[in-house]
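Here chain A shows up in two complexes: once beside chain B, once beside chain C.
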Partner chain A sequence: MSAEGETANGPLLAVGRLTKLFGTFAACKSIDLDIRPGEIHALLGENGAGKSTLVKMLFGVLAPTSGEILWQGRPVRIASPSAARRLGIGMVFQHFSLFEALTVAENIALSMEPGHSLAKIAAQASALSYAYGLPLDPNAHVADLSVGERQRIEIVRALLQNPKLIILDEPTSVLTPQEADRLFETLAKLKAEGRSVLYISHRLEEVQRICDRATVLRHGVVTGTCDPRQETPASLARMMVGSDVAHVSAEGTNAKGAIKLETRHLSAPARTPFAVSLKDISLKVHAGEVLAIAGVAGNGQGELFDALSGECQAPGDDVIRIADKPVGTRGINARRLMGAGFVPEERHGHAAVSALSLSDNLVLARSQSDRRAFLGGGFLGIIRQDAVKMAAKRIAAAMDVRKSGDNPPAGSLSGGNLQKFIVGRELDRQPTVLVVNQPTWGVDAGAASRIRQALVDLAKSGSAVLVISQDLDEIFEVATEIAVISEGRLSDIYPAGELSREKIGLLMGGMPGKSETAETAHAH
Partner chain B sequence: MGIFEAILLTVITAATPVVIAALGELVTERSGVLNLGVEGMMVMGAACAFVATQVTGSPYIGILAGIASGALFSLLFGFLTLSLVANQVATGLAMTILGLGVSGMIGEAYVGQPGIKLPQIVFPLLADIPVLGRLLFQQDLIFYLSIALVVGVQWFLFRSRAGLKLRSVGDSHSSAHALGINVIRTRYLAVMFGGACAGLAGAQLSLVYTPQWVENMTAGRGWIALALVVFASWRPWRLVAGGYLFGAVSISQLHAQAFGIGIPSQFLSALPYLATIAVLILISHNRRTTLINTPAALGKPFVPDR
Partner chain C sequence: MRIELEKRPDVSRLFSILSPFIALLLTLVCGAVMFMMLGKNPVAALYGFFVEPLMEVWSLHELAVKAAPLILIAVGLSVCYRSNNWNIGAEGQFIMGAIAGSILPVMFHEWNSPFVLPLMMLFGMLGGALFAGIPAFLKAHLNTNEILTSLMLVYVAQLFLDWLVRGPWRNPGGLNFPETRTFEASAILPEMIASGRTHWGFGFAILAAILIWFMMRYTLKGFEITVLGQSERAGRFAGFSSRKMIWFSMLLSGALAGLAGISEVSGAMQQLRPVISPGYGFTAIIVAFLGRLNPLGIVVAGLVLALTYLGGEAVQVSLEISDKVTRVFQGLLLFFVLSCDTLIHYRIRLVASKLAGSATAAATTDGAR
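Entry: the complex of A and B
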């Protein structure tokens, strides 16, 4: 496949000893990489391995500290994204660089060279999007589109430049399995046209399925280049992580106890025009159960979490029940006092204040529910710093939080370590009900498996756990029961053993198993 | 000239400076910069325009001086907030205080001097149309400029490529940067356009509205311009409607006070502000269109990660 291209005209892009320093920290250290014409090349690595930094340098967003880039054999300096586009490099970002307030056509026009009318761009984009099986309405506002549709804009925008190399940064992290399949078909088409693709991912199964070669990064260093089809998932994971990843086991968690968390026909209107309304959600979580709620981002997960935690109140007291008591109109502290714990999605600014120390963050979460943190039981509100610091230390030790110093600011911890601390902060109270939104989003594999095991263990000890997640691997690891949320509606709840990935994919598309295509539900 | 015509003329004269200053601020805010120094830039424009007119004898040179002083003054704001990444709100407030002080110093020797009024430009034939001719075609240069600015800004923002870039910078500066748009340069230009407009609005006050210099003569119009931009949900046509409504109510409350209606004068004086805000809240109640038009990056500092 790729050997021909190599002998015929050498690599399309070759990177030699590329280094990027931020201060003294080396995000990329002496990276070598070559991409051949007409191949799909995977860039594998954990979060923080330096993948994004590397591609930002290739696309001219960041300037390398040292090293060289050869484009079709000639040394080039890529000073800006427009320089990259002129060479023939297109990029689809992980966090889309789209403008929500503008229309699809306006978004595309911004990345084109000047001198095209908006109407012409709209027509071109529309034609191209249908040709590649990515239908788009050029006059729609981006704010109204689903995540999958937004990604299509990025891809069409890159394709309009007629690039020789397309870089995709974690493209499937926001897609349903069916949407991902469509993307893979598009990629195969691009490859057949002789274009190269640099495919960034940490999903091994995908990489083995579609990529011809893979370069693996760890801590900013290339740890190997291989043919992913010749490797096993375990050997690839070892190259990524540097050691074997602990396997999470959910066995022995299927003893059903009393109902600890329940919602009865929970509905909530959308709070902003871009939010999702919750529609008639009924669920029950028993003691000893882990209920996982799957779904593509932006289908009401955040809204459901806010309703359960009490950040937004439900229309009636009886709509939400914790430990068989109505709490629908009670605030978050009242629910905490009843033994519930909550871990929201955003670590910085929601679950923790980045500038405050770990112990201060602990006090913030427990200001109402833990009297031991205060002198004389909290009457005067004077904090017992020693006791709080001890508790913070205990939590850090229990969850294996790696930090610099004794009590550093939350913002100085890596994402995975801070998340371990935040989850540990709730677990330390032995909550009878724990609600977690995206527990391991952007967390490295080691920390993720630690957190998942902790959730499973909590359920085993007799608590009810509700996990909202986009990550199907995670869901199958921790869940005893699975439901899917789509456009603010919750599917039926299934025992984890009865659901396949395909079935979940259909439910994600809003089609409860009735049709083979999830696409029509999204394009409404 | 009938009383009706006379009232409408004064309405136009009262609305013009607010509309011009607000249009400038609208462009600035569409690029994602919140400049609360409109009042200060406006009063600088008023002082410099008046002094330049008195010195040279030409109100047209006065207009240029007003525009230039506003733009230069805003350049200072741009340097502090864009290059040095100072807090936009605090810097804007400081610019207002500074502008009021500096303008008082510049104009000190000229307080109370009779000024030179900006001459009218009469369009032959068109000026003979009843009512409309007098209102629209026998006006001064600044009024004609204000009309051109409204049309020009609307066209620029929603029809031109440069305007699209400016809106994209205001919506998400990091995305715009990733596309290779020069965020800082775009914002500098937008801030300076806002300053030039505020300066022109100030020149209107000291050359047309009341052709003289009095310290602090903007009397809060800069703040009304700022409020107009928000309540007009960053759209030029709504802003014009709000500006003229403000002018109309300010003038009619003056007449109401003259007739001696039994309402406290303090309430009547507050009426233009209340009426403008009430109407604009009503027309901006559609939250979806408001959100689509709100520059999402407004007031957020941009530091490229290089």
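Entry: the complex of A and C
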């Protein structure tokens, strides 16, 4: 790399007074940021702080309203992602854009300029991936790969363009602790070659561990640039949130009550070629307990949630029991009527319909459980808009949902605020069983801590709570019991105090002690 | 160089309201050009097509007679389309409704009773619903594409009717013409207003529009339709069944199309003939979209499209232009309605393809600078 020579005396990328307006709303206000050659620079901020907007402007997806971008000291206008790639900026997105039915090499070829042979790309990708400690089989189908391996494809795809700056958006949110460690080694290697990394995260511990400098954003404004190693997690959090983040406490939730939710040897075949089958899952959640199920994405969490909620029916009635009654073949509303509440992972198009108003989205989950309050007109089933709107307002106030207008469409809320509403929608009826999949995925720190505290409080008040999560910090904050799901199998359930991160990481990778798997020859 | 559609960040409210009117205006402009190219005075032709039919009482009645089936069918289709079920076969359901409704007056013509007419209407709805039940069953249980199956069944219905009126149901006293016996007075849908031909089919249409509007606006069923149309997954989370919705929407629209069919035959023709519809079932698709899938908008849109039928007949007489002009206007209107709606949500962007092609060249220049 000769990149160091050219730019040794200035920043690789400097951003001056960069502003992006959406209508009258300033997503980024006069942002200053500079990235030096060969540094790992953290971009910290809550969801909705403007991180994504800023990065999209740097990668040519959005055009800035005003301000300038200097690349190696020269002002540039980045009109498109391909222009950004030509300058030497690579990006790894949080949500991968891979075709599951194609091979690794074919996916990489799709992002390249046309005219390269597939064999050549495969060889190049393979060589590069080994050089950076990201081993990849270019002929493997993406559908067969773990999330960590898929991320490697994205990284290798970015590296093939020989970038000087690589932007990583929340890269460890989908990795096991061990996989994350391997990624950090790769980042160190990139840094040693003189490449720069812009590392977007809200995980303070990681940022402190690997980043040289950090720029903190809040409400679209830079609130500080610092050396994260000189800061404490509390001081960084304060810069991000503007006030101290409430610490979630799970103390005093250990009084075990009756079994409220149980599965007995639940198995379910995969519904699509890309889905995971559930294999012999048995679990019990008592009143007053928070059972957290850890696991890397795509190991059967969604399938388990669908089975528990009744969106997909179980093979037998007795396989799933709520409040000691068999419900395996009952629908979701029958389970709701027995006191269960559900919060799916995907907010848009599953937990909520983006184009519909908040009050309509309240009816979505509670049309049957609150039939008496929300519906009138007998068999006509006329929706009582005034009652629904009042309840929606109550929920918004209880969960501190920030919204524009009285009853805006769900799609206009930020992820954190919509999630608070969706969780509040269930809490509002005091469910005796609550099943939550990824409660704080893509949610800002303030909202996340509020949601977690609400889950803990619900358990304390005597309900059974099941949390499926990929976020280990979250699991340790809320759980009284922990189990790990891997390839559709559930590990034993351990009391939260007995498990370390390392142990969970091992359970995520396979099932030591509980493996009847002959096909453990999975490349890792 | 290629053209791309790019999603607009926000949708203009003003233009969403204006869009049907812009589409109408563009249709008129294109129509004028077409008349000019046919060597006719465009102003006179457009006047004859769109204004003259509105000037006399009898032709206003004709308008209502033509609008009635369009509105009835389109209202049912709006429920289908809002719930993401693409019933294209209303024409066939219209015909099957007409056939089923005609069982009594054709086969039991000597039975005269006040019950005949209500039963005919009921049979018509059943016939249409059952015929729409075929694509519904195929979609709900065999995952078949309902666009194809419902469309293909149209031809089945048309040929079945053709066979009936030429064969078993041919009027014994009809000089071998392919048509059934004319209905007895007790089987004829009476006129609504004393001044002309408008029969109760128009009343049914208005009533159906109001009822469906109420359902969509105020009831949980309407909410279910909206939710399942926007996201099947969210619908399942709400405990709504998309399979039941396939049945509900297809049977409902089939029943309304069948009612339209028997009303048209009983009210306007008083017998079955090999062809009983000038494409009402297909034109109703245009009506549904021009009315923005809103039952009250559909009433207005139904009247507009009915006018194209009358206008086509009028200019055929006055200017000696083929009545195929009607089809041209309907096609233009659908095209402009859909493209106006698309352009509200998307903007057109011209992308110079050389930008992507010469990427390597540009990169070298960058490096050299």
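A few remarks follow.
In this text, the second predicted complex is superposed on the first by the 491 of 524 C-alpha atoms of A that agree within 3 Å, B and C clash if a C-alpha of one lies under 4 Å from a C-alpha of the other, contacts with A are read in each partner's own complex, and residues count from 1 in each chain.
One rule holds in what follows: a contact is a pair of C-beta atoms (placed from the backbone, for glycine too) under 8 Å apart; a residue touches a chain by one contact, two chains touch by 3 or more.
Computed from a predicted structure; not experimentally measured.
With both complexes placed on chain A, chain A has more residues touched by C than by the other of chain B and chain C.
Using the contact criterion defined above for the overlaid structures, shared-chain residue A:Ala270 touches neither chain B nor chain C, since it reaches no partner.
Residue contacts after overlaying the shared chain place A:Ile383 against chain C, while chain B stays out of touching range. Look at A:Leu102: by the touch rule set out above, it reaches chain B but stays clear of chain C. When the two complexes are overlaid on their common chain A, residue A:Ala119 makes contact with neither chain B nor chain C. Of the two partner chains placed by superposition, only chain B is touched by A:Ala63; chain C is not. Of the two partner chains, chain C is the only one touched by A:Val363; chain B is not. When the two complexes are overlaid on their common chain A, residue A:Ser82 makes contact with chain B and with chain C alike.
In the superposition on chain A, A:Phe93 makes contact with chain B only, not with chain C. Touching of chain A by both chain B and chain C, each in its own complex, is seen for residues 80, 82. Against chain B, in their complex, chain A makes its touches with residues 60-63, 80-83, 85, 93, 96-102, 106, 109-111, 114, 141, 143, 272-274. Put simply, chain A touches chain C in their complex at residues 22-23, 74, 80, 82, 86-87, 113, 309, 311, 331-333, 336, 342, 344, 346, 349-353, 355-356, 360, 363-365, 367-368, 375, 377, 380-383. Of all residues in chain B, those touching chain A in their complex are 161, 164-165, 167-168, 171-172, 174-181, 287-288, 291-296, 305-306. Across the complex, chain A is touched by residues 9-10, 218-221, 223, 226-227, 230-231, 233-234, 236-239, 355-356, 359-360, 362-363, 366, 369 of chain C.
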